[in-house]
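Naming follows writing order (A, B, C and D), and every chain is counted from residue 1.
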Amino acid sequence: MSLAEILRDLVTANRILAHEEVVDAYGHISVRHPDRPDRFFLSGSRSPELVTADDIIEYDLDCNPIDQRGRAQYTERPIHGGIYKARPDVQSVIHNHAYEIIPFTVAKGVKLRPLLHTSAGLGATIPVWDIRQKFGDTNLLVTTLAQGNDLAEALAKNRIVLMRGHGSAVSGISIQDAVHTAVYLKVNAKLQAEAMRLGGEIIYLTEGEIAEMSKLSQTGHGRAWEYWSRRAGAAKS
Amino acid sequence: MSLAEILRDLVTANRILAHEEVVDAYGHISVRHPDRPDRFFLSGSRSPELVTADDIIEYDLDCNPIDQRGRAQYTERPIHGGIYKARPDVQSVIHNHAYEIIPFTVAKGVKLRPLLHTSAGLGATIPVWDIRQKFGDTNLLVTTLAQGNDLAEALAKNRIVLMRGHGSAVSGISIQDAVHTAVYLKVNAKLQAEAMRLGGEIIYLTEGEIAEMSKLSQTGHGRAWEYWSRRAGAAKS
Amino acid sequence: MSLAEILRDLVTANRILAHEEVVDAYGHISVRHPDRPDRFFLSGSRSPELVTADDIIEYDLDCNPIDQRGRAQYTERPIHGGIYKARPDVQSVIHNHAYEIIPFTVAKGVKLRPLLHTSAGLGATIPVWDIRQKFGDTNLLVTTLAQGNDLAEALAKNRIVLMRGHGSAVSGISIQDAVHTAVYLKVNAKLQAEAMRLGGEIIYLTEGEIAEMSKLSQTGHGRAWEYWSRRAGAAKS
Amino acid sequence: MSLAEILRDLVTANRILAHEEVVDAYGHISVRHPDRPDRFFLSGSRSPELVTADDIIEYDLDCNPIDQRGRAQYTERPIHGGIYKARPDVQSVIHNHAYEIIPFTVAKGVKLRPLLHTSAGLGATIPVWDIRQKFGDTNLLVTTLAQGNDLAEALAKNRIVLMRGHGSAVSGISIQDAVHTAVYLKVNAKLQAEAMRLGGEIIYLTEGEIAEMSKLSQTGHGRAWEYWSRRAGAAKS
């Protein structure tokens, strides 16, 4: 895939995340530079629904803009830089506050776990990171490299890390993969909350089932990407 | 009804199921061939909202395409083949992941039952099938004939079978009937969950009431079909 | 108000009820003839969102059409006839299955009561009618005059009667009044269910507060009617 | 900011509050006169979604119109007058019935508290005012100066006061600030209810965190304002 195609997909992903209500006024998605693993692309400070190609800024992994041209920046770009530094396998990162997941970031002792086959991409373990543990009272925003690195450490080898009272960081091996995971993170959170209220013991996916699903080609992802793109009013890519 | 009308209704049904949020990126509906009971029609691999007449593929009951013409196929077509083979009375099958029903597929010991007169078509008994019981750890997808046959066996003489951690298969005596049942399956699941939370004992429909409703002509279905078609932007058929 | 204006409002009310999701494919609203209290107007059998002036049929209180002209009829018109006969003060009746109220029709011992000032129009008491009590196992539809009369008896002097496993009948002193009550019945049901789940004792409106609100002029209703009409794409009337 | 700009923002705010479902047919937002602190601006009696520049009326703090020109008035303007008199720091007031907050106004002993970083603007304490305590059985509307003053007294130094069985009054240092707080009040109420149902102890924002967030510049508010304006179909301002 060419850089131009990837950047076009990044704009489409912004629209999809807004349309599927993974993000609202806030939240962002980045992609690693396909040729330079020490760089990534992220929009300047705008609500995802409004992001265009002109808003995309290139960054080094310390979150310095390569060519800012006066554009305002997201203050929370260390979420992205921190994860790209710690996890060479990750190609795309989404930070979001999807409403459905927030309760799982603040309810002590309650674990979010995949129970639906399309949410197997969430992985068997979803850690929760609390910025207060290491940094005390803050405005909860991840604005320093130290905070970004600490978040990445909490993510460890997993796909997703929840952020207490704030949201989540979702990683993927491609933009499409990260978007798919972020959408079904939201769906799974909603369904798990509903299932817990029915009063029975819940049957989650087994580790074996999660492993089997990870062997699937991404055909299904392609179908979903086409569908979400159309819904968001973006051309199929 | 001519084959052309039935295929047009099949496309409309795809749009309705998407618009009423019975399906999202995933899910599919098929119809048995009106003249050849050993054949059925199902879209190639696309999200239901995007399905057109050109996507419809004819299959035999072993799920071999009669005329594939290079189109990608749903891997889960054995859901359809399995049910058509076991149940000569069934003319249409819907596989879906409607969010409202998933909790009832994973909450042990909690039974989904009709409580609303328009959901009498769900039938008195709705079994839950767990692919793991016979096939162990899988990716949960019904991709072999053996799995499709096992699912049909769990369905038995009922209208609907829930699939653990996955969704459901809904059967009908016509496309309109299957769509009506799938929509009100979703509605009933939502309302039953809500009613359970109010804390009182729930009054479900009696078997006698379900039987009385099954005697109704499908006038009401016609009214609903017209309504859903318009909402989905499809011409009335 | 002229008959022409009232019939135009009846069409608008159908659209509003559909747009505000008080009705879906099913449900209907009628209005008493302004000059002949022994007559009422009700659409022929169509989903409310699709009703036009040409669909409106005039009925006597035994639910016989005055001028049917081949149009299909709602089978449940005895809901309307029964209430108009028993309650000379009622000028408009809405039958609906709004999803939010169904749980309160099937959860034994749980009473729906107004807790929001805009839902004072629900009245202090909302009885629940179960067709099975007098008529045994039926298809739950109110299709005979005897059933309509029995429902009206359960309504008694109240504004609303819930129907077990089915929905509700809402009465009003005008189309606007009935629509306002039906919308806030739905809202109140949703909010009461939510409030019950918070775990504290609930503070409902007092009878004195309900009485005070009933003295309000209908200025507020006018504001809401204008708002709902616009949302439903109908001209202000 | 010029008066013209502020009035244009007031119209935009009406549209945003309607589109984000903070208000429905009812609810209103006012702004203090930038040059005359003893005056404020508020629409005449219309649903917020329909408010235009021509509907805006100027008031003194006793809620007398300066130039009514025959326009109907909201009866509840003392909510605004009362708060502007008691709180010179407040520049904008929103009265709303957002459905998500109503349960917290009627569930005894249950406190609404911020748990999400974007809802830090709610403040650490959110009092509940019950009109019945001082004024007995009323129609719950705040229609007298005495009632408005009593409400303002309950608000005290906080950002928000809930009103039992009715809604809330939200204050801000600007229109944008009040809108941001009102939107995230609604979001926080929904998320807190959801979190409470998961069964674990809830981690709320600490007072230190709330204080840290209040130091943030309003860059984020600008991003949200742009986003909400676009969604509501209003030009960016």
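We adopt the following convention: a residue touches a chain if its C-beta (ideal position, glycine included) is under 8 Å from a C-beta of that chain, and two chains touch if they have at least 3 such contacts.
Just so you know, these numbers come straight off a predicted model, no measurement behind them.
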Given subunit B and subunit C, the chains that contact each of them: none
Between subunit B and subunit D, centroid-to-centroid distance (C-alpha), Å: 46
Chain centre separation (subunit A, subunit D; CA means) in Å: 32
In subunit C, residues with contacts to at least two other chains: 197
Chain-level touch network, classified as line, ring, star, complete or other: ring
Residues of subunit C defined as touching subunit D within the complex: 115-118, 120, 187, 190-191, 194-195, 197-206, 208-209, 211-213, 215-216, 219-220, 223-224, 226-228, 230-231
Touch list for subunit C against partner subunit B, complex: 24-26, 45-47, 49-50, 72, 75, 97, 99-100, 102-104, 106-110, 130, 132, 136-141, 164-166, 193, 196-197
